[in-house]
Structure formats: C-alpha cells, structure tokens
Amino acid sequence: MKDLIMTEMMTKEDVTAMILSAKKTAGLTWEQIAEKIGMSPVWTHSAAMGMNAFPADKAKLMVSVMGLPQEAESVLAESPTKIWEQAVPTDPCIYRFYEIVGVYGPTLKALIQEKFGDGIMSAIDFEMSVTRVENPKGDRVKVEMTGKYLGYNSW
Amino acid sequence: MKDLIMTEMMTKEDVTAMILSAKKTAGLTWEQIAEKIGMSPVWTHSAAMGMNAFPADKAKLMVSVMGLPQEAESVLAESPTKIWEQAVPTDPCIYRFYEIVGVYGPTLKALIQEKFGDGIMSAIDFEMSVTRVENPKGDRVKVEMTGKYLGYNSW
Amino acid sequence: MKDLIMTEMMTKEDVTAMILSAKKTAGLTWEQIAEKIGMSPVWTHSAAMGMNAFPADKAKLMVSVMGLPQEAESVLAESPTKIWEQAVPTDPCIYRFYEIVGVYGPTLKALIQEKFGDGIMSAIDFEMSVTRVENPKGDRVKVEMTGKYLGYNSW
Amino acid sequence: MKDLIMTEMMTKEDVTAMILSAKKTAGLTWEQIAEKIGMSPVWTHSAAMGMNAFPADKAKLMVSVMGLPQEAESVLAESPTKIWEQAVPTDPCIYRFYEIVGVYGPTLKALIQEKFGDGIMSAIDFEMSVTRVENPKGDRVKVEMTGKYLGYNSW
Amino acid sequence: MKDLIMTEMMTKEDVTAMILSAKKTAGLTWEQIAEKIGMSPVWTHSAAMGMNAFPADKAKLMVSVMGLPQEAESVLAESPTKIWEQAVPTDPCIYRFYEIVGVYGPTLKALIQEKFGDGIMSAIDFEMSVTRVENPKGDRVKVEMTGKYLGYNSW
Amino acid sequence: MKDLIMTEMMTKEDVTAMILSAKKTAGLTWEQIAEKIGMSPVWTHSAAMGMNAFPADKAKLMVSVMGLPQEAESVLAESPTKIWEQAVPTDPCIYRFYEIVGVYGPTLKALIQEKFGDGIMSAIDFEMSVTRVENPKGDRVKVEMTGKYLGYNSW
Amino acid sequence: MKDLIMTEMMTKEDVTAMILSAKKTAGLTWEQIAEKIGMSPVWTHSAAMGMNAFPADKAKLMVSVMGLPQEAESVLAESPTKIWEQAVPTDPCIYRFYEIVGVYGPTLKALIQEKFGDGIMSAIDFEMSVTRVENPKGDRVKVEMTGKYLGYNSW
Amino acid sequence: MKDLIMTEMMTKEDVTAMILSAKKTAGLTWEQIAEKIGMSPVWTHSAAMGMNAFPADKAKLMVSVMGLPQEAESVLAESPTKIWEQAVPTDPCIYRFYEIVGVYGPTLKALIQEKFGDGIMSAIDFEMSVTRVENPKGDRVKVEMTGKYLGYNSW
Amino acid sequence: MKDLIMTEMMTKEDVTAMILSAKKTAGLTWEQIAEKIGMSPVWTHSAAMGMNAFPADKAKLMVSVMGLPQEAESVLAESPTKIWEQAVPTDPCIYRFYEIVGVYGPTLKALIQEKFGDGIMSAIDFEMSVTRVENPKGDRVKVEMTGKYLGYNSW
Amino acid sequence: MKDLIMTEMMTKEDVTAMILSAKKTAGLTWEQIAEKIGMSPVWTHSAAMGMNAFPADKAKLMVSVMGLPQEAESVLAESPTKIWEQAVPTDPCIYRFYEIVGVYGPTLKALIQEKFGDGIMSAIDFEMSVTRVENPKGDRVKVEMTGKYLGYNSW
C-alpha cells in the first residue's frame, strides 16, 4: 500500500537528489545554474535544496536546464515546509553564523532600533549574496543581507 | 565575606550598566559614541555590552567619553566570556537572524565551498555593519559581514 | 557598586510592577486602562507587561493615567527584548494556545498558501483582540488576529 | 512478518498521502474539498492531515469525493494521536504563530480572566477560520478562533 | 526602587510561606485546614500552594482560619500562573505519577475514546482525592480523578 | 544478513500490529477482549500495546482469543522495555494527564506524606481503571489508581 | 514582608549549612557522625544533605550530636522534595555512576528479570554502602545496593 | 550500492540479534551462557548486547557455544561505541538506578572522598554482579560494584 | 523513483562502509593506511569517516590503496557536512574528552589569552596527533593539538 | 538565619574571587603564580577556579603567595564539585575545543583502540599544558594532554 503511494508522489527531496545528480554529471556550479535560470546563486541553491519555492516560469526553466522529468516542475513550485534538525548546528561552517547571531544578535537589534525604531528586519521579504573579496592577508568571505524593515504595530 | 568581595571587583556587567546610564543621560546614540572613539557602531555596541574587549587606547577613550570611573578602564580591556542564554533566541528581531541561519545555512556553506574550497568564514577575524537603505516600498535593513576565509588543514 | 547602579536605572520590570500596583489600588480593569489611553486592551496589557513599546504620546498618557513617576515615561517608550522562559509553556491557559499551534500549524500554513501564495502572516505588523461571545451552552472566548501577508522574495 | 502486517493495515498516513495525490490530480483546493463535504476548510485540512477524526458520514463523503479505496473510510474515522516533532517549530509560517503565543500568551490569559474569571479557552470544543482581508497597504491574513470558556473547578 | 515596590505588593509565594508557617505553629494537617474551610484536602493544598485561586468566600475564610494579614485575602483570590520547573520531575513521589502517564497514557486515551468517542478528560472541570486503603499486605494509596468529558468539535 | 535475522524473531511491535488488525476485523472493543481473557481493560490494552508482560496463561488465552500465530505466545510473555518518546507528550488527551501531574504533583506528595509518612505510591504494584460517570451537565471520565504505599527505608 | 517570613522558617538548606559548619569545626567524618547517631554513613550523609527525612529519635540525636538549634529538629524530620539540577551530571565522580547506568542499565534489567520475573529493584525500600577494598594493584571502591524486588502487578 | 555493502559487513547489532535468537531456541539463561564461557553474567550480557568487547578466546568460545557463523567471532571482539538514547531513561527498572544516582550521587562522592581522597571510582576498571537475597518480607535484589579508585592528578 | 535515485548517487557514508570493509579484509591499521597515502593517522581516519575532505591527489591515492570503485574518488574529495548526534557524547572514550573541555575549558581560554591576547585557537587551521607514551606505572595516551591563533578583530 | 550562616562558611567561589582580586592588584600572570607555588599553569588556574583541590602544602603556599585569609587554606584543599552550565559551551574559545571533540571524537577513540586495545584515556590521572609556538604564518596554540590508558575490565 505504502510503496504504491510513495512511488506515485514525487517529493521535494526526490527533486533535490535529481538536481544534485544532474549537476555533478554536467559539471555545473551553482553560479552557472543560477545564471542559466536568471536568479541569484543564493536563492537558486536554497530553492534547489527545497527551502524555497520556484516561481512557475523559473520551475519550467529549471526542469529544462537540468534535464529533470516533467513532473518535477510542479514539485519545484510547491511551498516548502522549512525544517532544520538541530537547535544548535554542528557543521563548523554553519555554526560560525549561529555564533555570530549569538554574539552580535543584541547589537543588530540595538542598531536596527536606533536607525529605524521598534521593529525587525524581515527574513521573508529578504535577499542575500555571498562574494569573495581579495585581500593580501587572505581572501575574505562577504555576506550581504537586506530585508524590509517592519515596524511593530500598536493598535 | 561575599558582599565585601563583590563590591571590590567591578565586573563587565557593572560597566555595561554605567554606560547605558551615561548614554541615556547624555542623549547619545551608539553611532555617536562609536564616532567619538573612532570605531564602528556594531563593534562599539558589542564591546559596550561586554561581548568584545576594548584595545587599551579605546578603553581609555571610552572612559573619558562616557565619564566612567577610572577602574572601568581595565574592565573594558578584559577578554569577555561570551554567553547567550537560550539555544533558540526568543526576541523577534534576533530570531529572524537565527531563522536565516537555519534556512540559508546550508546555502552559505555550499557557496563558500564553491568559491573558496573546503573551509569556513571566520567569526573571529570578522567585521559587520548595519545600514539603512531607502526604498519607496519601505526602507530596508542592510547587514554586511566579512570574515577571513579559513581553509581546512589536511596534515 | 552594583546596588548603586541598579537603583539609578529604572527597568521595564520596575514599571510593570508599579502599573500592577496602581491598577490594583485604583480597581481598574485592563479594558478601562486601555480606554483611558485610547488603545486596545490586548496591546495595552502587552505593552504594560513590557512586551511592546509605548509610542511617545501613549507613554505620557500612561504615566498620567496610572500616576507613575516621571522617569517611567522614557522606560515605557523603550524597545523591549522579548523573552519567554520555556519552550513549552506550562500554564494551562497559555498551553492551550501552544497546542492549537501544534495541532493546526500545518493547516494555517496550507490555507495561507492557498489564499495568498508562498508566504506568512506577519507577527509584527499584527493586531489581536479577545471578546466574549454569549452562548446558551456556555459562553465562548473569541480571539481574532490579523497580520499583514508577506510573500517570500525570490531574487 | 513485518511486511506482511504492514501492508494489511492502512494507516492515517497512508490515507493522507492518497488524499494529497488525489487532490493534486483533480486540481482541487482545500476550500473546494471542504465545500464538497460540507465542512470548513480549516477542519477539513486538519482532518485530512490525520490530526482530527472524521464523523462517520463525513468519512463516507470524503472517500467518495476523493475517490479513495473503501478501506480508507474507517481509517478517516479513527481518533488520531496528535504528535508534533519539535518543541519550537522551524517553518517560518508556523513559527510566527508560536511567537505570538510566546509574546501575547500572558495577555490572552489576563484578558480571558478579566472577562470570564479563572479559566481557559478550550482547544477541544473549538473552531477556527482563515480569511483574506483586502487592504490597500497589502492584504492581511485574518485568523479567528472561538473556544468554549472552561472555568476551573474548586471542590 | 525595586525594593520599595517589592515590599508593597504581596505575592502568592509570600502567602504560601505564611500559610506554611501558620500551619506548623498551629500543628494543623491539610485535612483539618480543608475541613475548616469546607473544601477538599487536594484542592485546599493546591490552592494554598498558589496553584489554584480561592473563591472570594473561601479566601476570606482562609485568612481568618490561618490568621493571615488582611491583604492576603485578595492575593488568595487571584488567578495563578501555573509553572513547573522541569519537564521530567525528579522527586520520586511525583516521578511515579509521571511514569504512570508515560506507561499508561496511550491506554487512558484508548479507553476514553472507546467509552466516549474522540475527546479528552478535562483537567480544568476536574476534581481529585487521595485516600488510604487498608490492606493486610501493606496499605495502598488510592487516587481518584474525575473530569468532564470534552468531545472534539468538528465544524 | 539483517533481513534474514529480522524475519526470524517476532517482536512485541509485530504482535501489537497483529492484535490491532485482528481486533478491527473482529469488531471487538478492549473491554470485550479484556473480558474474554479475564483481566481488566486498562491492563489488557497496556499489555497488548507491549507495555506490560502477559502471565503465561493469559498469553495462551490471548493467542487463542485473537487468533494469533503460536509464536506470539512467548512474545506476549516477555518483559517489555518501556519507552516513551517525548518528555512532554503532545497528544491533547495524554497531555491533560501530564498537566495534572505538573499542577497537582506536589499536592499528591503532601497528602501521601500526611496520611502515610515519608514515602511514595508504587507504580509497579499498581492498578488502574477508567469508567464513565453519567452527569446531566455532561458525562465525566473517572480514573482510579491504587498503588502500594512504600515507605522510605532508613538504615 | 518577604524577609520577615524567610527569617521565620528554617529550611532544610539552612540546617544542611549548619551541619557542614559544625562538622568542619568539630573535625568529624561522616562515618563518625553516622556512628554517633547509630545509622549508616550513606544514609546519614544523604539525610544531612536534605535528601532523606530523619526519624523523630534520630533527628533529636542529630541536633544534640551536632549542637544544632532546637528548631532544627522538626526540619530534619520533614519529608524532603528531592531535586537534582541536570539530567546528565557533570561532576566526574558522579558522572561515572550515571555512565554505569547508561552502559549496564539494560543488563541490570535483564538479570533482574531472569532471577525474579518481570519487575524492578525498589529505590525506596533500599539501602546502600560504600567500602574501601585493599588491593595491591590499587585499592578499589565497593558500592553495594540492596532493594526490595517489586513484581509488576497484572489485574 | 548501499544494499550491496550492508550485506557484506556484519555488525554488532546483527550478532546481538543472532545471540538472542539462539538463546531463545536453546532455552538458555544468561547465567548458563556466562558459565559456559567462563565469565560473569553481568559482563556476558553486556558484551552480548554489544556494549563490551569479547577477548579473542571468549569470542571464539561464544561462537561455538551459541552456534554463530564464523564471521561473528571478529565482530564480537571489536571495540563497541557505547550509545544510549535518552538522557533520562524511561524504562522503570532502569530509571530506578538513574534515580539512585540522582538522589545518592553527592553521597557517593562525599564518602569516596572521605575514604580515599579527591578522586573517583573507575567505570572502566570495574566489575558488577546481581544476586537474589532471600528475605521473609520479600526477596531483595543485591547489586555490587567495584571499581578501581583513581585519584586526581595535580601537576 | 526514490530507489532509482539513491542507487545512482554514491554518498560519503557508502564510501566509509567500503573503506571499513576493505580495511578489515586487508588487515590494515589506520597507521598503515595513513602511511600509504602520506598523511597523518588522525587526519586519515577522520577523512575516511567522512568528516574531512580528501585533496584531489590523496583521494586518487586512497582509491587505489583501498581498491575502491572509481566513482569513490570524487566522493572522497567532497566537502562534508559535519554532524554529531548528541550534545553530550555517551561513549566513555569520547566522553572523557568532553569532560576535559567542561573542566578545563575556562583554563584553556585564560591561558590562551594570557599568552596571545583576546582570541582563540582555530579548529580549522588545526592538526592533531595521538601517541603512546611508555610508563612503568601504566602507559599513557598523549594527544597533541596545534591550531593557529586567531585574534578577535576590532573595527 | 540564612545570612548568619552564609557569612560563617567561606566557599570555593569566595576564594576564587579573592584570588582574582589579589592577582589583579599584584599584576601577576597565571604563569607567575604557578611558578611561585611550583605547579603547572593549567593546573594552577583550574584549581584557583575551584575545579581542582590543592594538596595541603600547595594550599598553604597559595595562601601566603596571594595574601589570602587563613581560613582559605582549608577551602582550597576541599574536593570540588565540578559543574558546567551548558551542554554546548557558547564562548567561541571554549566552543572550538567542543567542536574538536565532536569532529575528532570517533577518531581519537579509533586510534586509542588501535594503539592500546579496548579502553580510554583517563581524564583523572591526567595532565595538560598550553604553549605558544612561533610560526611565520601566524603563531600557533599547542595543547598537549596526557592521561593514563585504562583498559576495559572483563570479568
């Protein structure tokens, strides 16, 4: 019963596995894939991992660029449920960002409030990029985020 | 015994309370304080909160700018122990950044590795800024981080 | 040292205690206080508890309505840091709302996405009310929330 | 042994998977399915996800509307065991409701007690709706809950 | 500032401490106190511990029976916020009840559903007693709970 | 290798699945099954779920009453390892009992000590029943537990 | 108010502090104290720490042996609430015992069931000793526990 | 790929399952198995569960006594990774030992330090036995542990 | 669908299983494998377990030394996601290192700051060795770590 | 009562505070203090923090070197209870060591077993040093630990 059902419904995880396989075979980078579908690398990777939904036209493009089966198109366009497994991430590369939130979280809050008033930076109406900055003492990773300021409502 | 001791040793928490009090009385913003000591607002707030150590000259300057007692100078220069209380932050403004790490953590990792190789962005040799970006649909918060790339050693 | 400092800075917790004391002495309900300052009862209670910031004029009004010391005005207007202690609330009245989020969370998500697209209801640009609905089988509590729809950005 | 057994008993999860598959094939929304079985969209989605039990007549109707196998009828009518995986939900759309309970939980409690006495809003004798409210500054999500007031017994 | 406030407002914890002190001085058992105010021992202890609110007349009676200060009357009548510290209780006497819920929880659920339908036993419209049952092999503790059955709503 | 082994050893989970399947096919209630094997419904359900061990004669009877394979007899008689997954149960029907332990745990302890001395109610030499009590304002669930009193040893 | 109350009621923690102070002043070991009151060292230490209740005659003896104030007698005789702070103990000496329960817990269970049937060793009707065993390769710690076997009830 | 690999490597879990199956078929107790291989029952069960490594000769003996495949010999001799799933065990028989560590942990520490100095009992150079002690009031479980005393180094 | 995909993509876990199998068949130690590929034993084991990435030439060498399929080469060279399952490790051999961090963590921090200033030892630009030190009182394990000092940036 | 007691007993925390105060006043480093008492810096700091016990002669020396009150001598010599607050440390300098245990824990275990057999490195009969290693690419922190190998007993 179960097997019957599970082979009928393609999931976001299935499509992620297909994309990773196709990417490896084709020898593409995320930057190249992003360029082919006209989106940024951060968003493209995140959506390919199943953490964001593809707009209809981008889903279509992704299917053709990566050579995915037709059924994948609607799966790419579905709204994902975003789950992460551990309250404190263990991978060192991800942990460092968690640490930055722990150490500088109250500072980000204080400066947002100083510049805007009582509110937050949206993580929904939001975008991000990662770039490499050359530096003689060792190149640096630059991460830029912008999100819409949302002021608390009083009513 | 205890009380005797505790009044003798000034702590980073004591100095933070003095700074907040002086800041309120003087009507200064973090940006203004930062400018007076010649450092960035993010670093200044973080160090004033006791999450970073002041270099000797900046500690001296801070004491004079904020009118702190002499003893505060050495306290500002001490290496802090960085503690945050809850694995998952509750304040909405800070939580949004935690959420970004949860949702985009694997993406940051994938792109750092694509651009640099197997490694991480340092959270120690690191800097950050917060700026306000005007936008007709609602102004936006821009957060920029740069940290030195550190490649994993193999030996 | 410590004691000296702590008596100098009035905190949101101090002001909350003063409001509760004044409210008890005056025999006022939250609904009456809310009416006197021209805001809703939900927002008024929440801000009095230190979980929301009073706009400048409302802080002034609150101080006069409740007979608070002058210094409380600026404290009421400060942006709060919102902290709750336990991942799972224990008080039965609050737990029932937590349970509703556990049981109906995926449903709220599915219907928001069906009606709006891929996005969320803002908890910042948000308002809420509580009313009593008479019912012959036992009166009912009605809770209404409205929050701005925010669609996920793709970039 | 195991496999033999597991293919014999259809579970609520199996039926949920069948409903999702049939819904996709038929191109139906939750609102349309709800209307076909004469129930509200919130309740219908929740029961289809296996978080509520279908009354006998609604189970029969659901089987015929969605073209499910006969055996699904009794499965839909079973009392579910309601489990959610993480004390703090990670999906941003669901988290916002969790945050509202954290921020406004004590307020909901205070106002229920002011209006009714010492007690709670039932999460069992309970109903909920989600509607879209048009607004020139951006449409809003409206969530309405009503639950029976239950006063604490003293004995 | 703080001290000033805290001595003005009597809390439920203060009153609990006064009751325990008066009970010890007077050499009363909970059963005797319960009888004097015409309530059951379980409810009386729980309300004296600050986990339930006294109805107005019982608060008055409690104050006179235990010789509490007048201000305690309104404190006893306040709705409490019910908090317990540890998800898993450590005291052996309390842990055994936690263990019973762990081992027999699914059984209680199955039998309630078999006898009543899909629903729960209310923990609000609820009462409980503890009695000693003589037994030649060793006396036994008998705990009886009754709570109103609440059926899940479908709407 | 693995599969070979796993099909050879029948587990308590396998037998529970067989019992649930047979119960559904035969249209039996737990009360009827309990009566057929001459045990109480609470114990019978719990043991059928694999949370208690069947005495030899009851295991034999259960196999014949439910039409289980011969091998199930020894499995029913094995001592189980009792595991529950979540420190705080999520199902509302089970949670209410957890809440009762949280709210009334210290009361149960105080009254057991008042009536018996320093000790506990055993959760091992223990029995429990669930009954339906008719009531014009809505029927009530009655849960009765009795366990042997065990006094702390001092040595 | 609070201070008034707290100085009136002596707690188990107060008495533990007095015992530790008197023990240090008198230069007594736990073994010597235990001998003076005619109890075992394990029980004596545990009760002195406030984790067990003194029988009336032993409480009297303890007060006289340690030179405690009269009020301590009734405090020593009270039933304690047993609380430990961390699910996983950190002190290495205590952790090793936790580790033994982790590694050998299923073994203890299997052998108890092999020798007695389905049941447990009571931790209430229980006693324990610690002795030093000389050994040329390094002396050894010997811990002996005995607890009454309690068989699961079936009913 | 995966399946291919997994059938090639026999794991400790596979061998544990084989031992349990052979033990049931042969009708042996742990005590009998232990005697056949000339080891204690506690150690034998623990090693058979995969929580300790068999010395080479005992592994050989175990394979012949239990009729295991030849490949099992080297698996039995491997060093295990000791994992337990829950910080607080739920099975009542194991929990009671956890409770003993919670209640008496500080006592064990105090007495070890009184008899030996600053140090611990090793859980590695360690042994344990379980015996049944007849008693007219109900037989008792006796657990004896001895571990080498290890004094803290100062350097 | 799923099965199709999963057999196509070889994972780090698959390759680890192949290495362990080949190592056992060939009777090699980690030290010998490390020597064959010209790396240290600590790094070699860690990378073979999938916790570090092989540089391209070492991946090629590893494939030939261990007789792995060609496809394994690129898998060995991939950047791993480093995950560990339990915040507190349970295996006694690993726990002792966790305990050392708990007991001596603040000491390591204090001495690093005394010798270098405000900063950390990198766990990325890092290496480690394990050696056996003969000692008449019992041989000793020596673990040496060196990591680059990274000073906190102030900006 | 309480206050009376607490001023009578000096605790390890009191002595730690006195040492930190004296160290600051005297301008000593840990290395200098260690040299004055003839112990290593790691051990000296750890014992001064209250995480290790001073041997009698070293306690005497420490009191005279740091100018502590006489009563501190016996406090320094007491066995400490070692507690750390958070399962996952937050301070970046300490976290890096936790991360090393997470990433390399299984490797340390594998190599200890390869070199010694089935056992562990003792964290009790243990010593550690921190040194600065000059390096043209940036100086490095070197941490060396040695602990006695303890082989698992089989019995």
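Think of it as A, B, C, D, E, F, G, H, I and J in the order they're written, each chain with its own count starting at 1.
Operating definition for what follows: a contact is a pair of C-beta atoms (placed from the backbone, for glycine too) under 8 Å apart; a residue touches a chain by one contact, two chains touch by 3 or more.
Predicted model, so just to flag it, every value in this text is computed and none were measured.
Common neighbours of subunit E and subunit G under the contact rule above are F, H.
Subunit B and subunit D have centres, each the mean of its CA atoms, that are 43 Å apart.
Between the CA-based centres of subunit G and subunit H the separation comes to 26 Å, rounded to the whole angstrom.
Note: centroid distance subunit E to subunit J, computed from Cα atoms, is 47 Å. Of all residues in subunit E, those touching 2 or more other chains are 6, 42, 81-82, 84, 87-88, 90-92, 99, 102-103, 106, 109, 113, 119-120, 122-124, 126, listed in ascending order.
Inter-chain contacts, as defined above, occur between A-B, A-C, A-D, A-I, A-J, B-C, B-D, B-I, B-J, C-D, C-E, C-F, D-E, D-F, E-F, E-G, E-H, F-G, F-H, G-H, G-I, G-J, H-I, H-J, I-J. By the touch criterion given at the top, residues 29-31, 41-42, 45-46, 49, 51, 82, 84, 87-89, 91-94, 96-116, 119-123, 126, 128, 130-133, 135, 137-149 of subunit H touch subunit G in their complex. Residue ranges of subunit E in contact with subunit H, taken from their complex: 88, 90, 92, 95, 99, 102-103.
Across the complex, subunit A meets subunit D through its residues 1-2, 5-6, 8-9, 74, 81-84, 87, 123-124. Of all the residues in subunit D, the ones that touch subunit E in their complex are 39-40, 42-43, 47, 52-55, 58, 79, 81, 106, 109, 113, 117-120, 122, 124-127, 150-155. On subunit B, the positions that touch subunit C within their shared complex are 6-7, 10, 14, 17-18, 20-21, 24, 86, 88, 90-92.
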